[in-house]
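Have a look at this one.
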Amino acid sequence: MIVVMQQGAAFEEVAAVIRRVEAVGCQVYTSKDRGRTIVGVIGRNVDSLHEVVAELPGVEDVLDIGPAYRLASREYRRASSVVDVRGVAVGGERPVLIAGPCAVESHEQLLASAHAVKAAGADLLRGGAFKPRTSPYSFRGLGAEGLRILHDVGRRTGLPVVSEILSPTDIDLFLEHVDVLQIGARNMQNYNLLDEVGKAARPVLLKRGMMSTIEELLLSAEYILARGNERVILCERGIRTFETSTRHTPDIAAIPVVKQLSHLPIVFDPSHAAGARRYVPPFARAGIAAGADGILVEVHANPDEALCDGRQALAPADYVRLVGEMRAIAAAIGRPFEAAAAANAR
Amino acid sequence: MIVVMQQGAAFEEVAAVIRRVEAVGCQVYTSKDRGRTIVGVIGRNVDSLHEVVAELPGVEDVLDIGPAYRLASREYRRASSVVDVRGVAVGGERPVLIAGPCAVESHEQLLASAHAVKAAGADLLRGGAFKPRTSPYSFRGLGAEGLRILHDVGRRTGLPVVSEILSPTDIDLFLEHVDVLQIGARNMQNYNLLDEVGKAARPVLLKRGMMSTIEELLLSAEYILARGNERVILCERGIRTFETSTRHTPDIAAIPVVKQLSHLPIVFDPSHAAGARRYVPPFARAGIAAGADGILVEVHANPDEALCDGRQALAPADYVRLVGEMRAIAAAIGRPFEAAAAANAR
Amino acid sequence: MIVVMQQGAAFEEVAAVIRRVEAVGCQVYTSKDRGRTIVGVIGRNVDSLHEVVAELPGVEDVLDIGPAYRLASREYRRASSVVDVRGVAVGGERPVLIAGPCAVESHEQLLASAHAVKAAGADLLRGGAFKPRTSPYSFRGLGAEGLRILHDVGRRTGLPVVSEILSPTDIDLFLEHVDVLQIGARNMQNYNLLDEVGKAARPVLLKRGMMSTIEELLLSAEYILARGNERVILCERGIRTFETSTRHTPDIAAIPVVKQLSHLPIVFDPSHAAGARRYVPPFARAGIAAGADGILVEVHANPDEALCDGRQALAPADYVRLVGEMRAIAAAIGRPFEAAAAANAR
Amino acid sequence: MIVVMQQGAAFEEVAAVIRRVEAVGCQVYTSKDRGRTIVGVIGRNVDSLHEVVAELPGVEDVLDIGPAYRLASREYRRASSVVDVRGVAVGGERPVLIAGPCAVESHEQLLASAHAVKAAGADLLRGGAFKPRTSPYSFRGLGAEGLRILHDVGRRTGLPVVSEILSPTDIDLFLEHVDVLQIGARNMQNYNLLDEVGKAARPVLLKRGMMSTIEELLLSAEYILARGNERVILCERGIRTFETSTRHTPDIAAIPVVKQLSHLPIVFDPSHAAGARRYVPPFARAGIAAGADGILVEVHANPDEALCDGRQALAPADYVRLVGEMRAIAAAIGRPFEAAAAANAR
C-alpha cells in the first residue's frame, strides 16, 4: 500500500499515518515525490488499513498494489489450469463446445436437442431446471424433475451435463445429477452459494455478473478456490452498457484480460448477450478468435416452441453451420478441434 | 403487444403471425402505418409470445405495452403505501431516518452508536451481522451473535432494527431478532431469497442492485408482493457507471421515477454510493430534496476504528449536523420532521 | 509517477527503467514494497513517460500522482472562484437561476419566456440559436437571426444571455451578441472550440459530456484556462448509463466532487437529464441541496408549442413554483436567495 | 408513430390527440388493445409531434416506428455499399487493412512505418497530424507539416492515406493532402464538421463516439449522406463502460448490428479500445471473425519512442504476425485476403 500525502502536509500528519500503520504491525518506508511525502506500507494487515488511513488528515490518496485475489491469480500459478469434466478438458489445447436449450422442458425435447448438439460436435450438454427469471410470472423451470431428465439424457448421449444452481439448499440434489455446477450471472456475488460450491468436489462454471468487473469475477472465483475447489471455469456472457441494440454488450476483451490475470479457463456465452438469434454466430466466432477456451450456445430442437429465451436459441441446422465456422477459426489460430473428433469417438 | 411488420411484408407472413398468436388463444386486430401492417395482440399469454413472434419472417419489431410488474405498479394501487415498522411509518408524511454502523462489531460499539443516532433523531437502527464481502478475506460479520446484540440494543434504545439477510436458511433466526429484513444490492435478484421473505410477516427493505434498472427493482419487489408480503420498502443506493471519482453514482432520479411508477415507499442510502465520508452529507440532502421517504446513513461511534467501510461512516457529531440540514430541507419541501419528535417521545 | 516493478523483476529491468527515465531529464528514487521494487520518478516530462515505461520488461504498473489538470485544481487556487456575468456573481454566496427556452423561435416567443422567467426570479436568460441535433432532419435553430433576437430580448429585460456556440468560426458573431458562451455536452472535447473561447474575454459555460468523467471535464476547462480565460463555469447535465427511465442519469455527485477537486463554480441542468417535465423539479431541488452554484432550467412560455425539447420544458407557472421550492432549500442550507431580490431590483 | 392512451383515458383526451395531430397534416387511425385506445399517426411531420403528444393528458406512451435515419438504412439500400478509396474497395469481398502510427512525428519515422505496414500487407496508411488530446499539455501533432509528410509518404509507398480532421476550417488543406477524411470519436457529433465533410468529394471514415449508441452513429452518418457524400465508412473503436481493465470495451456487437441496420461498411479499430499492446491482436482477430470490413491498427516502427499512444502501438514484427492470423481467420469465414496480394501488386 502506498500512501500519498497532500502537498504541504504537516510533519504531524505524516507521523500520525505512521503511528496508525505501525499500530497493527505493518512496516513503513517514506520518500518524496514532487514535494509530497510518499509513505510505503508493508505487512499482513495492509488491506484493513486502506479506508482508515485514507481519512486521516493530510492524506491525499491511498494506492493498493497487487490484486486482492491470490489463488486465482496468474502469479499464484503460472501454468494455465485445465479443468477435467468427466474426460473433457476445459482450458486445454482446444476450445470445448457446450450447447443445449435454455430450459429443460420435457424428456423428448431435451433428448432431441441433445442428439442434435452431439451430432454437431458438442462436448457438454447444458439445460436449466431452476431458472432465475426477472419476472415472478415467467416460467421458472421444472426443478428437481428437470434435473432428473437432464441426468438421464446426459447418460444416454454420453454428454456430461451443466445446470444452474440457485440455492445452497439444493446442493445434494445437484451433486446427484449434474457434472458441472453453474453459478449464474445474477448469483455471481451470492457468497453463501459460492461457499457451498466451493466445498463440493465438482467443477463449477462461474458466470460473470452483467455489471461486474473482471476483478470482481476473479474475487468470486477466489471464494470457491479458498474453500478448496480448484475446478473453476469462468464464463463471460455480456455486460450492461448504454447500448440497447443488443441485450448486453459481449465483452470480448474479458477473454484475453482473464488469461493475463488468471490461470483459470474462460469460456464465452454469446447467446445471452445477443438476445437475438441472428447475432449469436458472429459473437461466437469472435469469442473463438479472441482465445476463449469454450463456447456455450443455446440450441433448441425447435426454437419457436421454446418456453424460455427461444428468441436467442439456434436451431440445430444453424448450430451445425456455426460449429463449422468455429472449427475453421480455431484451426486458423492454432487451437484445432481435431482432438474433438477423438473425444466424441469415445 | 404490437407487432410491426416490415415494409412490404407478404400477406402470408402476416397470416403466419396471426395464426401463431391465435394458436395460444390471443386475439388480433390489424391496421396500417406508412405502408406497414401493424398487428395488435390481446390475451393472457401475450408475454410468452414476444420472442417467438419477433423471429417470424417479415416481422420488424414487437412492442410490449404496459409494465411487466402489476402488484407493485401505481396503476394497481393509486394511493402511496405506508409501511408500518413497529410504529414508525415509512412512506408517510415525513421522511424517516435510518442509521447505524455498517457492521455489528460488539455490544459496546453498537450501543454507543445506537445512543448517538437516537439522540440525533434516528427512527430505526441498522447494523450488519452477515456481511456480503467482495473478497473472501474480508471481515464477514459476527453472524448469529451479531443479531442477538442488535436485538438487545434495539430493545434497550427503543429503536426498531434493520439487518441484511443473505440466505433463505437464516429466515427463522432473522424473524426472531430483526424488525426489517434487508435484501442487499447483490441479492436483489436472488429469487429464492425473495420468495422466502415474501412469505414472512415482516417488513422488507429491498435495495436496488448496483447494476439493475428501476424496472428490475420493481420486478424484484413484485416477487415479494406476489408471495403475500405487502410491506416492501425500496432503497436506492447508487449504480455503477464509468465515473470513478465516487464509488457508485447515486441515482437520485430513481426517487421520483419510483414514485411515478409504483405505490411503494423508497428510501435513499447515500453512504454506499459515496464511498467517502465527505460526500455523504450532500448526497443525503439531495435525497431529501428529491422526495425520498427516508435516508439510511452509516454512522459509527468511532469511524476510524470500524472493521468495515469506516471510510464512509459518519461520526456522531457529523450525523447530528446532517440531521439538522435534512430537517430544514424537509420542512422547506413540505414534509417536516416535526412528527418525528412525537414518535421519539414514545 | 510511481513505477511498480513485478515481483522478482531482474536488476537489469529496474536499471532499464531508470535509464529510460533519466534520459529525458527526470530524477529517480527507489524503494521496496513486499519484495517489489518501487521506482519514484520526478520531473517536468513525467507524463510523456507513462506509456513508454509501462511497456518495459519487468514493469507491473505505473501510477500517476496528482491530477493532470493544474490551473483548474483546488490546489492551484484554494479559494472558490466567482465568475462575474455583467453583475451576476456565479459561484458566490447564493445560487443563480438560469432559465429560458431550448431554442429561440421568434422574438415574441422569447420575449414572453424572458418576462416570465425574470418575474420568477431568474438571473440569466438562456436560448439556443445554433442547435446541435442528433438527427439532420430536426430543427437546427434560427442561427444568426436567433442571436440577434436573444441579444435584443436580453437588453430589454435586463437579463444577461447565454447561448451555445458550435463552431470556432462563429466566435465574432457570439462576442457581439451573448454574455456567456456555452459549450454543449457534445462539444466538451472539441478542442479547437475550447481554444477559441479560451482566447475570448467572455465567461464560458462548459457542459460535461454525457459520457465524460469529471476529470475530463476539468481537463477541458484546463484548455480554456490555459489560453488565459479564467471565467469558466462548469455544468453537470446528466450522464449516460444503462438506466432508461430517464433520458440521462443526473450525476448529483459531480457537484460536491467538483467542489472538492476544483475552485471553479458548477451549475446543474436538470432538464436534459430528465427528458420529461415531471422530473425537472425534483432534480432541480436535489441540485440545490447538493450545493450547486446555480440551476439551469428550460422554460417555455408555451411548452406544448415548442419546436425543440418541449417535452422537458416547464411552463412559467411551474417554474414559479419550482423557484419557490429552490429558494426554501437554499435558505435551509445557508445559501439564501435574498441577495437575488436586490439583484433583480437593479 | 403509435400513441398509446392510458387505460380509461377519456374520449375528450383521445380527441385532443387527434386534433393536435391532424393540425399539422398527419392522418390518424385508432384501435383498441386490452382496453386502451391506440392512435396510429401517419404523415411527413410525425417526428416533430412526438414530444408534444407525449405530454397531452391521457397519453401513456408514444412509440416511433422505423429508424430516424433513412439514407443510411438497409431499407433504403438493400445491397451493401462499397466505398472506393483510390482503388481499394472498402466493404467489398475482403477485409482491408489500415495501419500506421498514431501521430506523424517526422518524415523518417513515417516512411519507416509505412514501408513496414505495406510489407505486412496493409492497404491504407493512417497517421495523425492534428491530434485531439484530453490534456492541453499533451503533444497535439505537427499540423499542416504533418499532412504534407503524410501525403508525400503515401505517394512514395503507393498507399492511400487517412488522417483525422478536427475543424471545418481545415477542409481545403485536407482535401489537398489526404485520401480519407477521418472524423474522430470525440467529434462524431460535431455537426458543423459533419456538414463540411458531407459536402466534400472524398471518402469519410466516421468513428463511433466512445459514448454513442449505434443509432447515433448512423444518425451522424446520415448528416454526411444528406449533404450528398455517399462514401462513408463507419468505425467501431470501443465504448466506455464500468470495466477498467481495458481502456474501453470493444463493442464487437456493433459490427453485425451495423450490417443488419445499414448498407454502409464498418471497420474495427482494436488499438484504442485496448490501450495496451498485448490486447490488440486478440481484439483484431475477434473483429475479423465478427465480420468487420477492415481492421485499423496503430503500428509504429519503434513504439517505445512514440510521442503518442506508444503503449498501444504494435511493432512491425508483431503486426506481421497479426496479419497472418487475420488472413487465416478471414479465409476461415469465407472472406480471404487473396485479392489483397493482387491489389498490392499494382
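Note that the chains take the letters A, B, C and D in the order they are written out, and that residue 1 is the start of every chain.
Criterion: a contact is a pair of C-beta atoms (placed from the backbone, for glycine too) under 8 Å apart; a residue touches a chain by one contact, two chains touch by 3 or more.
This is a predicted model, so every value here is computed, not measured.
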B-D against B-C, pair bridged by the larger set of C-beta contacts: B-C
Most widely separated chain from subunit B, with each centre as the mean of CA atoms: D
Subunit B and subunit C, separation of their C-alpha mean positions in angstrom: 31
Chain centre separation (subunit A, subunit B; CA means) in Å: 27
Inter-centroid spacing, subunit D versus subunit B (mean Cα positions, whole Å): 39
Subunit B: positions in contact with at least two other chains: 211, 240-242, 244
Complex contact set, residues of subunit C against subunit D: 47-48, 50-52, 54-56, 68-69, 132-140, 166-169, 186-187, 189-192, 209-212, 216, 219, 222-223, 226, 240, 276-277, 303-307, 309-312
Subunit A - residues contacting subunit D, complex: 211, 213-215, 239, 241-246, 249-257, 260-261, 273-274, 278-279, 282-283, 285-291, 325, 328-329, 331-333
Parts of subunit C lying in touch with subunit A, wherever the complex brings them together: 1-2, 4, 7, 29, 31-34, 36, 38, 40-42, 61, 63, 65-66, 75, 211, 240-242, 244
